[in-house]
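Common to both upcoming complexes is chain A, partnered first by chain B, then by chain C.
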Partner chain A sequence: MSPHLFDIAHMLAGGLVLLSLAMLYQDRMFGLLNVFALHAIVLSASVAWQGHIQGAPHLYITAIIALVLKAIIIPLALRRIVVRLGIHRTIETVVGVGPTMLAGMGLVALSMVVMLRATQTADPLAREDLAFALSVVLLGLLMMVTRRNAVSQIIGFMSLENGLILAATGAKGMPLVVEISIAFSVLVAFIVIGVFLFRIRERFDSVDVSALDAFRGERR
Partner chain B sequence: MTLSALNVPIDALTAVLLIPAAAALLLALLPGYWLSARLNVLASLATFLASLSLFYERPAPTPYLFVDDLNIVFIVLSTFVAFTTSAFSASYIGHEIETGRLTPRYLRFYHAMYQTLMFAMNLGLTANNIGLMWVAVELATLTTVLMVGIYRTHEALEAAWKYFILGSVGIALALFGTILVYMAARPVLGEGQDAMVWTALIAKAGGFAPELLNVAFVFLMLGYGTKVGLAPLHAWLPDAHAEGPTPISAVLSGLLLNVALYALLRFKMLLAANPNAIAPGPLMVTMGLVSLIFAGFMLYRRRDIKRMFAYSSIEHMGLIAFAFGMGGPLANFAGLLHMTLHSLTKSAIFFAVGHIAQVKGTQRIAEIRGLTESHPLLGWGLVIGVVAIAGLPPLGLFMSEFLIVSSTFARAPLLALLVVLGLLIAFGALMLRLSELAFGKPTGSTAPVEASYIPLYAHLALVACAGIYLPGPLVAWFQAVARLLG
Partner chain C sequence: MAVAVDLALQAAQMLLVLALAPLLLGFTRKVKARLLRRRGPPVLQPYRDLLRLIRKEAVIADNASWLFRSGPYMIFAATWVAAALVPTFATGLTFSWAADLIAITALIGSARFFLALVGMDVGTSFGGIGSSREMMFASLAEPATIMIVFTVALVAGSTQLSSIANHMLDHASLRVSLGLALVALIIVAVAENARIPVDNPATHLELTMVHEAMVLEYSGRHLAMIELAAAVKLLLYVSLIACIFVPWGLAPAGASLAAYAIGLAAYVAKLLVGGFVLVLFETSIAKMRVFRVPDFIGIALMLGLLGTLLRFVSGSF
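The block that comes next holds the complex of A and B.
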């Protein structure tokens, strides 16, 4: 493989990790949505590039699904929800930005250490891809943990799924069944979440998950 | 290989998948709930019969589906409990319609989802492709999320939301693990389809890169472990059980937890087949023990009857994971037996609890007293069920628990002590609550109840039988499966 092919794949995957970190410190809903859309665009480029260097045209389908659904439709829909619910001002976080970023960097380091050690026999591109993918997955989890607001939790979950798609396309020759199913499941997941969000809004006038938490546990 | 997959004849295996799928479509279109409830029972019965015929005529494995000694146990158990639960559900929903908690429109949705869930679970159990298995478990999760939230109350929506978020994170981690297994298999089996086919994977597992398999198993354990309800990833389980319709609580406890456990067992076998990979057992033993003891203590603080039995499910899934983690023919045998009997007993308990909550109009333990006096058949059914689940002789669960403890005692006496401790803690809590629920002066409504006693007592009779006499062929079968599990 010529070095620049590798470098571009490397750069795109690294870009995803960078954008995941950028999502962690967004304190406005619209800012977060924009970064997420960019995340999806970079993912789509990365998947398309993998399709190019692996000579696997079916990956272009995955790239197009990621681009259309995650970079355009979902951010637009979420923007409407945010406006309708009037929660575009700020995002309430559980932990401050500083500690969250430190934890994020720790997670990236952790995934590098774990994955690079575990994949010594695999080819170099797949190795780096998996390490980056694990970082994106863990950063997505971190975001879900540190945000109280339901919409930003959804975005955290979808960035986590982006990491999974990065891993699946990095694994050369992985059957298409799985890739389409991932994209499909995101769609289903989104519909489900959307339904829930509207119901939650109707019932509680809040999408703040901590408002729900007040009812957790036993009914007394 | 691909050709044989494309040209699938209608055999028993196809029927097990096709009947629920077709029934789900039909039920989504039918308006009347009376007819739908009966069709639901009929479809579940047909699926159960089709699964029984798998014993006689086992189709050859394709790259997508297969049946072997291990999964046939799960399939038959799950289609049987699905059938009895559908019968219970038919009488349960009649009451829900009367009290107006559910409208006919929601019931149409409910029945369609019930069959979709059956389809997803059967697909997960028969999948030969680890990617397909993942898709099926995800589908099952999404269906149950929708069912848990069906009452649209504050608590139901919260429970569904929590279940959805935790379930999706679990499922996402499991997918990452699945991808890593593919990465480990690719150098040996080549690119594409084959490296995700279970039968091909297990045959060549010895040659996989052990480091990758190790990392993969950690993700799979966390991912599918969330769905099994192992502590500390269990947080979704009590809420989901307590707030959804009771037939769904029965299906969750009796079936869905088993499906996730089955997925975990498959990957455990994969690791066990690789001599250089870490032993998967200790991880399962630790999580199982933690769940067992933690759930035992949590049982004391329950005020809601359905939440209490949900914690009891965590306890038993912990015990089963512990048994499979210990491994060896005896512990695996005990684990399989315990899993089967737990499914039967716990769903029977939920059948009783469903009718009790309906007639008393509450799920609070403090407001339910003297059931054996006010509703003898239901009350005694609950007593037998709880006595069984607490592990008292002569019922079946005593035997499986005894086997688990004794097989552990021979190899790791300290661990056996911990198991006994966990069981005793749970036993105390269950007996305490049972005496409050079943005996004393009745409170609340003493109106007669139109309950379906047949599924309840059929399950209890099976459990009681298993405690006294296990048929020879069944024992031989379970022993063969236990050896397969390693």
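The block that comes next holds the complex of A and C.
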């Protein structure tokens, strides 16, 4: 098999990491949604490419689910929520962009070191794809930690899940049932979170989660 | 005879960058105007501007030192040498042993150093603002450039542009670290050439200007030198990106005349594509606040760092 096939798979996985970093950098809501949609498109391209390399046609279904759900439905729904709730369009971060990006770089380095050490006997290409997937997961977590706005935390969660799908498709032999159930559980989670958003907004006139701390009676 | 041909080719390369630089600038201005649904100046307008400036008298402030007079020539010379070293239509020219990425970075850095000095020389406040901002951006853009150089050198095993281009031609492959380096180099190129998200080359609005603020005191032939140096710098970055990342069409050392002609045509095509993409990017984005620019250039630094890191951790990235 030509090495270019793997090079392209590699490039797509690297592109996902790059887009995760771009999401950390964004400070506007709609910009963030656009980058998230792009993230999902690259993910589905990557999954479809893995299906092509591995000769596993069920991966195409996963790719189509990712494309429809995450690149089209969820960004559009979030956009509607943002418009209807009149959420502040600039995203407040807990720390500045610079330290966040540095932390993100640190996480990427960490996942490379950990993954490449932990899987020394495995196939080298799968190892590096796993390392990329782990860094996408960690960057999603970092995004959930460093944002105050509930909508951007949702996006962090979704991008984390993109990382999980990347890891799952890089490893051969993930059954289709599992993938479909993951995809739909994410959709359910999204609906639940959406309902919560409306509730938070109703009660506090804001989706800034720091308002919840005061309600819980924590001392600031 | 062979030596004479080699020298002639090298001279052709040096004159080519000088001749094409205003054309690239005129092309980008024209395309930008067309994208904004304006007619725009003719493509040859930068040449006419330069001729007009050279014919005009140079007005120099009373308190200007020798630095103010000699600065433009030093800036121009450093930029021209750097641009002439980058392989444009052929690799392996006579002076290609000197076409080292680190040397080119250093030449650009010294041109910037002189520009910042002459900006402060007369002592007007605008010059000082421009110089300090330029240095603020440079303090991030230069380490980013060095990181990109490291990444490319780790991939290609050399910092010499001719051998990098040959390596890329022989072992063409998609690599994540090279992709990161490309994005970082584009950001650095946009910042260094004072293009739109960082600085607006077409304005004299005091809040936003960086490059224009430094050269505000210049007129006549001095201004012509600085403008030509800026045009050559734009050409330099486009040819650098073309040479490292899309080296197809470059004529190898000792090729036939037809190969050189193909190389030249490919180079002009790359310049046109590069200029068009630059303008497309510029027209689709708004100018940034000055204090957000360090974040923007910081991205380039981080991407360069990430590329180098990936290369070190595993050889196959």
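Just so it is clear, the second predicted complex is superposed on the first by the 214 of 220 C-alpha atoms of A that agree within 3 Å, B and C clash if a C-alpha of one lies under 4 Å from a C-alpha of the other, contacts with A are read in each partner's own complex, and residues count from 1 in each chain.
We adopt the following convention: a residue touches a chain if its C-beta (ideal position, glycine included) is under 8 Å from a C-beta of that chain, and two chains touch if they have at least 3 such contacts.
Just so we're clear, the structure is a prediction, and the values are computed from it rather than from any experiment.
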Simultaneous placement of chain C and chain B on chain A, clash or fit: fit
First (chain B), second (chain C), both or neither touched by A:R117: first
Most chain A residues touched (candidates chain B, chain C): B
Superposed model, angle subtended at chain A by chain C and chain B (C-alpha, nearest 10 degrees): 150
First (chain B), second (chain C), both or neither touched by A:I61: neither
Partner chain in contact with A:V97 - chain B first, chain C second, else both or neither: second
Contacts of A:D7 with chain B and chain C, given as first, second, both or neither: second
Touching partner for A:V108 - first (chain B), second (chain C), both, neither: second
Which superposed partner A:Y25 touches (first chain B, second chain C, both, neither): second
Closest approach of chain C to chain B (Cα atoms, Å): 18
In the complex, chain C residues that touch chain A: 173-176, 179-180, 183, 294-295, 298-299, 302-303, 305-306, 309-310, 313-314, 316-317
Touch list for chain B against partner chain A, complex: 129, 131-132, 134-135, 138, 142, 145-146, 149, 152, 154-155, 157-158, 160-162, 164-165, 168-169, 172-173, 175-176, 178-180, 182-183, 186-187, 190-193, 195-196, 209, 211-212, 214-215, 239, 301-304, 307, 363-364
In the complex with chain C, residue positions of chain A that touch it: 3-4, 7-8, 10-11, 13-15, 18, 21, 25, 97-98, 101-102, 105, 108-109, 112-113, 116, 124-125, 128
Residues of chain A defined as touching chain B within the complex: 114-115, 117-122, 126, 130, 133-134, 137, 141, 144, 150, 153, 157, 160-161, 163-164, 167-168, 171-175, 177-178, 181-182, 185, 188-189, 192-193, 196, 199-200, 203-204, 209, 212, 215-216, 218-220
